[in-house]
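My questions will all concern the structure given below.
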Amino acid sequence: MLEAVVVIIAPIIGGLIYGFERVVCARMQNRQGPPLLQPFYDMGKLIDKQALIINPYHSILGIMHFVTLWVVVAFIILGQNLLYVIFLHLLSSIFLILAGFSVKSIFSHIGANRELMSVIAYEPILIMLAVGFYLINGSFDISVIRDNPPQILQLFFLFLAFLMVIQIKLKKSPFDATEAHQEIVGGVEIEFSGVFFEFLYMAKWLEYVFVYLLLSLFAGDNLALGFGLFIGVFFLVNLVDNATARIKINHLIKIVLMIGLTFGMLNLVGLSYV
Amino acid sequence: MFNLKKYRKRSPWILHYNAGSCNGCDIEILASLSPKYDLERFGIINTGNPKQSDIFLVTGPVTYRSRERLIELYIQMPEPKVVVAVGSCSCTGGVFRGMYNVEDGVDRYIPVDVYISGCATSPELIIDGLVKGLEILEKKTKSMEKPSKLFKDTTSREGIVSRRESALRVGEERDEEN
Amino acid sequence: MKKTIDIPLGSQHISLLEPVRFKFECENEKIIGVDSDVGFVHRGIEHACTTKFKFDGIGYVVARICGLCAITHSLTYTAGIEKLLGGEITQKAKYLRILLLELDRIHSHMLCLSHTCENAGFEAMFMRIMGDREIIMEIQELLTGNRVQFDFISIGGVNRDLDASRAKEIIIKLEIVKQKVLGYIDVFTNNWSLSLKFQGVGALSLDEAYRFNAIGPLARASGLNIDVRNEIDYLPFFELGFVMQTHTDGDINARNLVRLNEILNSLEMCNNTLEGLPEGDIFTKLKGKPKGEVLVRLEAPRGELMYYIKGGGKSMLERVRIKTPTFSSIPAFSHIFVGENYADAPAILASFDPCLACTAK
Amino acid sequence: MFNSFFKAFTNLFKKPQTIKYPATPIEKDKDFRGLIEYEQEECIYCLKCEKACPPGAILFVSVENPPNNEKNKKGLKYHYNPYLCIYCSECVRACPKPNEALWQSNKKPPIGVKEDEVNGVL
Amino acid sequence: MKKIEVTLNNVREEILEFYDAKKWHFLTLNGVALEDEKTEIQWIFSQYEAFDEIVIMFAEIACGDVVPSIVDIVPSAIISQREFVDMFGIEVDGSEKGLYLDQDSLQMPLSSCKV
């Protein structure tokens, strides 16, 4: 029952995290920043706005992206199979990419292209993460992982690789080439407006819930450690965001694949032989 | 149920277009995003994307070439929206009034809700103007508006009212009466 | 079928302050051809200067060509008229003019640096520099009464005096700015992600700089010694400690470093001006109407600004030709873009510090 | 990179630079170039300010009920459009009686709304 | 400031002989409208690292003349030439209208020629 409630309020939790992040980010830049509930104000406004529809598929794919992401989050909360989660998440990204390609705007195409390339960069790490959990727990089930003691020490290198995935997924510099506000004005989200943009906006919140829930898996049954990890990584991500510039998409793939794959492989090899 | 209109006031996203200004007002808009004035505390984000914006900041006296793009951007913005003319030259043409490639103010082409004067205007005035614009945004309906000058004033030449000409006209009328 | 894609940048784009349209012909994301349209801001000021305004009011009109180098425009025009009228202005007026000129250069360079950082995706640095730039803006407001359009210079001198207590206040503020700028130099040289974005990107070699007649920081970053402050004498730049800043790499990083070093040099010049401010009047009345032709040049933040003024002994001038720095750099700009990645285009564009309001007049 | 990292971290605990503008008003410096103000009683109607103004923001127009001033022989009335003014204070320098008839105050220029018709006739 | 008079026929040879990219900096192409539908066209150069060394080559042309292009000698002249075409309505070899004004615009704001 509790889990069902958590699933329903998941977007709201994500919104709160996002709002808090905007305040923290502003404070790191020495300014006051928006109020904490700003994302919800934005949401209220976007419902009220007129929606311009480019073509039906574009809008529906945007909504599908949001719905699939919600299912992904629900799967994690309900303790389903980790592999399902990762592949469903891939599906949700594919919906977004298809939406990007379904309109004529050139910026949307470039954004979708970059999104696709970033998927290539981070997906192997997520799969290796699942394999790593399997090697320790003997099961892909998230409920099993949650019942076991913390696994962060055994999976330390994969944890480091996962930090880069967080940067990509949350569109934080240096790995925010997919959104790249100053180059391609938000990439795939450029043609969405009104209510349809709101689904994309809320999908962003769910993305926060998704990555931080995946992160909490490292802590296993230790809730306090899970919370500690969340706080620590949250500030780390924002500090790195405020200390780096955006790097190009080809650099992103090179760096993430090189470091991420090396770390992941190292960890997996270590787990299977030690 | 919820009154959604009140949220408009709390999250206005801005779009900025330079229709031929001297950069002075543009850098002041940039400066009002900076830490000292920090527009984000009103929930303002500079989106740069007309499809997701609520407030249209226009600077400059509208040159001949930029007017097409100006109207295009205005039409691309979904309702409800507010247009803010920033700086003297976008209000009335300012010092460029009457030059051959200039159209004397934004309100000839799109309906302007708030006029911010000053040459160059300051971040302080921009905040004042935006606060006033937000009040107007809350009352707006979702119907499209028409520019005030292009349709109303058909008596003068091409719809432009020259201050000096009209002032002289007033003088002539007076002479005739005497 | 066409194998390339056309990516438009402008005329409205978030990374642009001004309307300019570039059409990049790209192979994947690599730029192979550039098409530019710079005429969006054309207002016809040259024409208005000879038909609409009298010569003593034009100083305020040409200042509105560009908000970033407003002081350079009005100063160059005024210097030309003073040459035609044949008067000499006081030393104090000259010093105050240099003070404003250099303050303007500092704030313009800081804006350019912050804008380059923003376009490179470094939001925090943008906020940091813009926050510190407010100090300079406050000084300008104290001196002239407005943050951007100074209207400080009139034919025969300057409009406002500066008293000693204010001068002291300004010196203290400038010292704060100096410390901050030294901090930026560290960031621009040592930040790993900025080096990926800036080093070796958008390079202009020395030969190309000569060939395309590049000017300003763009040319100085390639090692070309061109600075009009080095070549003119109607303002005492050398007296106040002017040193030319050059670099040899020619890429975005080099341009940023040239700008940073110029800020430091300008801060020193401001300091020297305030400390050695002579006593005397700030205004001498010049009589007569301009007659003859004159060509004046001055170093704007972006490079060489040239005015050609021809007067016929009437209050209306016969010809005012304004050659602005960005105008003559456009051939070089278009050349640099070819072969670069589209992802770098906004940063490269911002690193030129283009001023289209100047270009199109 | 670590410097910026550290800077962001220390900023988190500093007081933000932001001024709370609409809540706490900014004190304008006495030399701020704000609105042009006019005193009808002192004006001698020499029209020097009208000629000097680059954009033509100051206009003297003949009206039916001219202001009561013995110098005003042509029956003129002063008009000033703050939305056209560029605040260069050239009119004040041209005025033979600065600070009495015409002066530049440090008041902020006004904000107009649609009903004001700022680009209208006068 | 040194003024050298040239004609439209020999200006290319003069500039070819005179211009050295490492020594001279091409400032701009300037036009001045004179009376009787004449226009004075000026090519302005300045010397690098020299004190106020400026050379102006000028020629007096009529409205129908075609000005030779110097883009192959001085590549950066292209933008000045396009501006000259826009502002004066006088044809320059290989430079098209449309930098500031529209391509089909009849305006020539600074010209003394009659349309």
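The first chain written gets the first letter, and so on, giving A, B, C, D and E; residue counts start at 1 in each chain.
Heads up, the rule we're going with is that a residue touches a chain if its C-beta (ideal position, glycine included) is under 8 Å from a C-beta of that chain, and two chains touch if they have at least 3 such contacts.
Worth saying up front: this structure is predicted, and the values here are computed from it rather than measured.
*Asks:* By label order, what chains touch chain A and chain B together?
*Replies:* Touching chain A and chain B alike, sorted by label: C, D.
*Asks:* Name whichever of A-D and C-E has more C-beta pairs touching across its two chains.
*Replies:* Of C-E and A-D, more C-beta pairs in contact link C-E.
*Asks:* Suppose each chain is reduced to the average of its Cα coordinates; what separation in Å results between chain B and chain D?
*Replies:* So the centre of chain B lies 19 Å away from the centre of chain D.
*Asks:* Distance-wise, how many Å sit between the C-alpha centres of chain C and chain D, to the nearest whole number?
*Replies:* The computed centroid separation for chain C versus chain D comes out at 27 Å.
*Asks:* Mind checking the centre-to-centre distance between chain D and chain E? Centres are C-alpha means, answer in whole Å.
*Replies:* The separation of the two C-alpha centroids amounts to 43 Å.
*Asks:* Find every residue in chain B that makes contact with two or more other chains and list them.
*Replies:* Residues 34-36, 38, 41, 47-49, 64-65, 94-95, 100-101, 119 of chain B each touch two or more of the other chains.
*Asks:* In chain C, which residues are in touch with two or more of the other chains?
*Replies:* Residues 13-15, 39, 42, 44, 47, 60-61, 64, 124-125, 127-128, 131, 146, 149, 191-193 of chain C touch two or more partner chains.
*Asks:* For chain D, which residues are shared contacts with two or more other chains?
*Replies:* In chain D, residues 1, 4, 7-8, 16-18, 54, 86-88 touch at least two other chains, as defined above.
*Asks:* Spell out the residues on chain C that touch chain E in their complex, using ranges where they run on.
*Replies:* These residues of chain C touch chain E: 38-39, 42, 44, 46-47, 50, 210-213, 215, 224-226, 230-233, 295, 297, 304, 306, 308, 310, 318-319, 321, 323, 327-328, 330-332, 360.
*Asks:* Contact residues on chain C for chain A in the complex?
*Replies:* My answer: residues 5-8, 13-15, 29, 117-125, 127-128, 131, 191-194, 196-197, 341-346.
*Asks:* Please name which positions on chain B make contact with chain D in the complex.
*Replies:* Residues in contact with chain D: 35-38, 41, 88, 91-95, 97, 104-105, 107-108, 111-119, 121, 124-125, 127-129, 131-132, 136, 148-149, 161, 163-164, 166-167, 170-171, 174-175, 177.
*Asks:* In the complex of these two chains, what residues of chain B are touching chain C?
*Replies:* 15, 17-28, 30-31, 33-36, 46-50, 60-61, 63-66, 69, 73, 89, 94-96, 98-102, 119-120, 122
*Asks:* Touching residues of chain E toward chain C in the complex: what are they?
*Replies:* Its residues touching chain C are 1, 21-22, 25-28, 30-33, 42, 44, 46, 48-54, 56, 74-76, 78-80, 83, 87, 98-101, 109-110.
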